[in-house]
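To keep things simple, chains are lettered A, B and C as they appear, and every chain counts its residues starting from 1.
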Amino acid sequence: MKYTAKKIVLMLVTMILVSFLTYTAFELVSGDPAQAMLGTEATPARLAALREELGLNRPFLIRYFSWLGGLFTGNLGVSFSYKLPVWQLIAPKIEVTLWLCLISFILITVISLPLGIWSYRRSGKIWDFMHTAFNQLCMAIPPFFIGILLSWGFGIVLRVFTPGNLPDLHAHFFDAIRYLFFAAVCLAIPRSAMTVRMMRSTVIGEMEQAYVRTAISRGNDRRAVLTRHVLKNSLVPVVTFLGQTMAELIGGSIVVEQVFGIPGLGRFLVASISNRDYPVVQAIVVILAFWVVLTGTAADLVNQRIDPRLRLEGKR
Amino acid sequence: MLEIKDLHVKFHNRDREAVSGVSLTIEDGEILGLVGESGSGKTVTAMSIAGLLPRKQCRTSGEVLFEGYNLLTADRKILRSLQGKKIGVVFQEPMSAMDPLMRVGEQVGECLRIHTDLTKEERRERVLKSLEEVDLPDPESVYTKYPHELSGGMLQRAMIAAAIVIRPSLLLLDEPTTALDVTIQAQILELLKRLNKDLGISMLFISHNLNVVRKICRRVAVMQRGELVETGSTEQVFFHPEHPYTKHLIESIPTRDKRKENA
Amino acid sequence: MKKHYNGYLIAGLIISGIIIIMTIIGMFWTPYSPTAMSGAAKLQAPSLAHLFGTDNFGRDIFSRVLKGAGTTLTIAVATVAIGAFFGTLIGANTGYFGGIVDDILMRLNDAVTAFPSILLALLIISLTGTGKKYNVILALGIVFIPSFARLMRTTYASYRNANYIISARLMGAGSGRIMMIHILPNTVRVLLPALTIGFNNAVLAEASMSFLGIGVAPPDASLGYMLSDAQGMFSVAPWYAVCTGLVIILLVFGVGLIGAGMQKQGSGVN
């Protein structure tokens, strides 16, 4: 319980730190939002009025906290380029990106966990070499390169989906998922390779532990040693890794959305960076970072359920 | 009850045989001591009895006869039916020999789960009884504890409880007291003696410490570099050692008198 | 044991060596001018005259790839150098001295690593301005500092109370001397594989950013930028994307093998 509370406090501290750093950074470079919205032709009177309206005359810390509060109430300011509330612009895009990452995450788990267990049995020299080489190869392929090939092969040649035209998630759910599936595959390939590798080395490492010998000495067969003892002990680093995977997927989605023309957060972020639409960039960056912190904490809490030793000491 | 005939074990990645030509018998109900410095092959001998030698990584010859089977060549299924049920093992470091993520009670009852059809409740009863037999205070709470919540001495008792819960006929003890404090060491030795007497379990007690062996065994075998150099009653080996290595071992035991001599 | 694992190192050195040597040659000489257009030689498939074919302006893709790989390589090396240098500096000091500075910096480190690396790089780029090579180096360099700092911190912390360090301290060696002469050589074993991983991440990150159009912009052309260019003409000139992509893959694959080889050799020695 204490551990849980500690982790959550730590998470909140990190979130505040992250958002504060981001907010400050943008405050420093973005200049005057009123000027940005009205353009250089604006009269001083109109500028002053808008500044008052946007609350720019308030002290920095007050503005930061009201903006932070806006993250939860949906009041994140107004986009420079669209002149629309930021939240209204990004809310539908969050859903798209979330689905993309979720499908990819499921793919990674479904592919790599069984493969990791399977591959630990094949630990001879030749297997070891093939395994490492294949792994390095998978990690060397940029997701957007596979993306180019897949979107051409399945989109243009086979016409499984129409690149650049994501079906509506609510009206045509399965069509949309099919579209997102190919993008998710690109994201999943390098990360699956990494997961298999870390899974394999973890299981091999656990197999050398003394408790495995004890388990065998009691008459457990190979399968029972694996399922009853080794897998549970291998789980902690794997869960941590899967937590980080969520973070990596968020990063990877930015690029893959571009390749497949998926109107998600990442693609909007890139466009907004090019347009110098700071309120949008700021909001998206912080939302993505919060998501990362959240999944990391979730992984820690899951691990604490698995390994009772983590409950004792707050530190890892 | 157990007979080892001319056992040879050679690991592929070593030049020298780990065990070369060991013949030994363990009589019904006795505690046989197996002494030697580290690397003398005593643990490998025990592992070949327990069926824990990685068969792919070593070559064996000779016979280890137990209940009519040669454990070196027996089918894995037969081996597994003996492991835990007829032959229990207690290892040196209780902290690492226990699965850190499984409750102690469940680990103690593991042999029952594998080898019997008892229900969960019946198993629990047996485990609690076994924990009591090894003098653990408050078995109910030990049952639900994780290994890291117990001290080394308590864990070793739990390991012994796990080994005897199903009443094996042979218990292999691989340096069971080496990692423990001297006072706890003495308590564990007493416990083992009592279990041997009350339950009639035969034991193979491995140690590099002759003093410990003298306290618990009536018969002792001495190993050096994979070979058996001397076997006999404890008294005989101790007071009239025949082999120079045994003499050397006995001389190296620090006693009060010797320290005086040196001073 | 040792002999066997060298296989990774050798294979990695050969693969990445070829690409790196070609790239370095490409910095000084290319078969065609990478910017020379030719109406007669538009969209040609790979041939002896044009190894990787030509693009829609008739430019020789092989020459462009050589040039682009040069940009990518420069950025990756510079980025890793920045990350490793400052990371080591920060990690060594916090790990060796510990204390409250260590706590604060590690908290900050947590906050920074909350951003996926590409997101952090985008954030910094959006603050400094897009399309300039040096901004890309700066952004990615900053992104790589925390991971190196963390690695070096644990390494230095583990040596802080080693017996030979304590004895050096008792003999009157200053902290700076201990960190530089007594500990730094010991970190090479963990630092070298980390450098290869960092290099690969830098190549892939730069490629991603340029692909997104917020990394390197013309007249500089990196491999990532060329890939985004190539995606648009995949149906008419698939060789463009495939050849450019293969160069990235082989480079990262080769360096990755070197890292794997070093790691295995390191664990074999110990």
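Note that a contact is a pair of C-beta atoms (placed from the backbone, for glycine too) under 8 Å apart; a residue touches a chain by one contact, two chains touch by 3 or more.
These numbers come from a predicted model, not from an experiment.
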{"item": "If a chain touches chain B and chain C alike, it appears here", "value": "A"}
{"item": "Innermost chain, where centres are averages of C-alpha coordinates", "value": "A"}
{"item": "Pair of chains ranked first by number of touching C-beta pairs", "value": "A-C"}
{"item": "Centre-to-centre distance between chain C and chain B (centres being mean Cα positions), rounded to whole Å", "value": "54"}
{"item": "Rounded Å distance between chain A and chain B, as computed from the means of their C-alpha atoms", "value": "51"}
{"item": "Whole-Å gap between the CA centroids of chain A and chain C", "value": "22"}
{"item": "Residues on chain A engaged by chain B in the complex (per definition of touch)", "value": "209-211, 213-221, 224, 228-229, 232-233, 306-309, 312"}
{"item": "Residue numbers on chain B that touch chain A, as the complex places them", "value": "50-52, 76, 80-85, 87-89, 91, 93, 96-102, 110-111, 114-115, 146, 148-149, 159, 162"}
{"item": "Sites on chain C touched by chain A in the complex", "value": "4, 7-8, 11, 107-108, 110-112, 114-119, 122-123, 125-127, 130, 200, 204, 207-208, 211-214, 224, 227, 230-231, 234-235, 238, 241, 245, 248-253, 256-257, 260"}
{"item": "For the chain A and chain C complex, residues of the former touching the latter", "value": "13-14, 17-18, 21-22, 25-26, 28-29, 125, 129, 132-133, 136-137, 139-142, 144-145, 148-149, 152, 156, 247-248, 250-252, 254-255, 258-259, 269-270, 273-274, 276, 278, 281, 285, 288-289, 292-293, 296"}
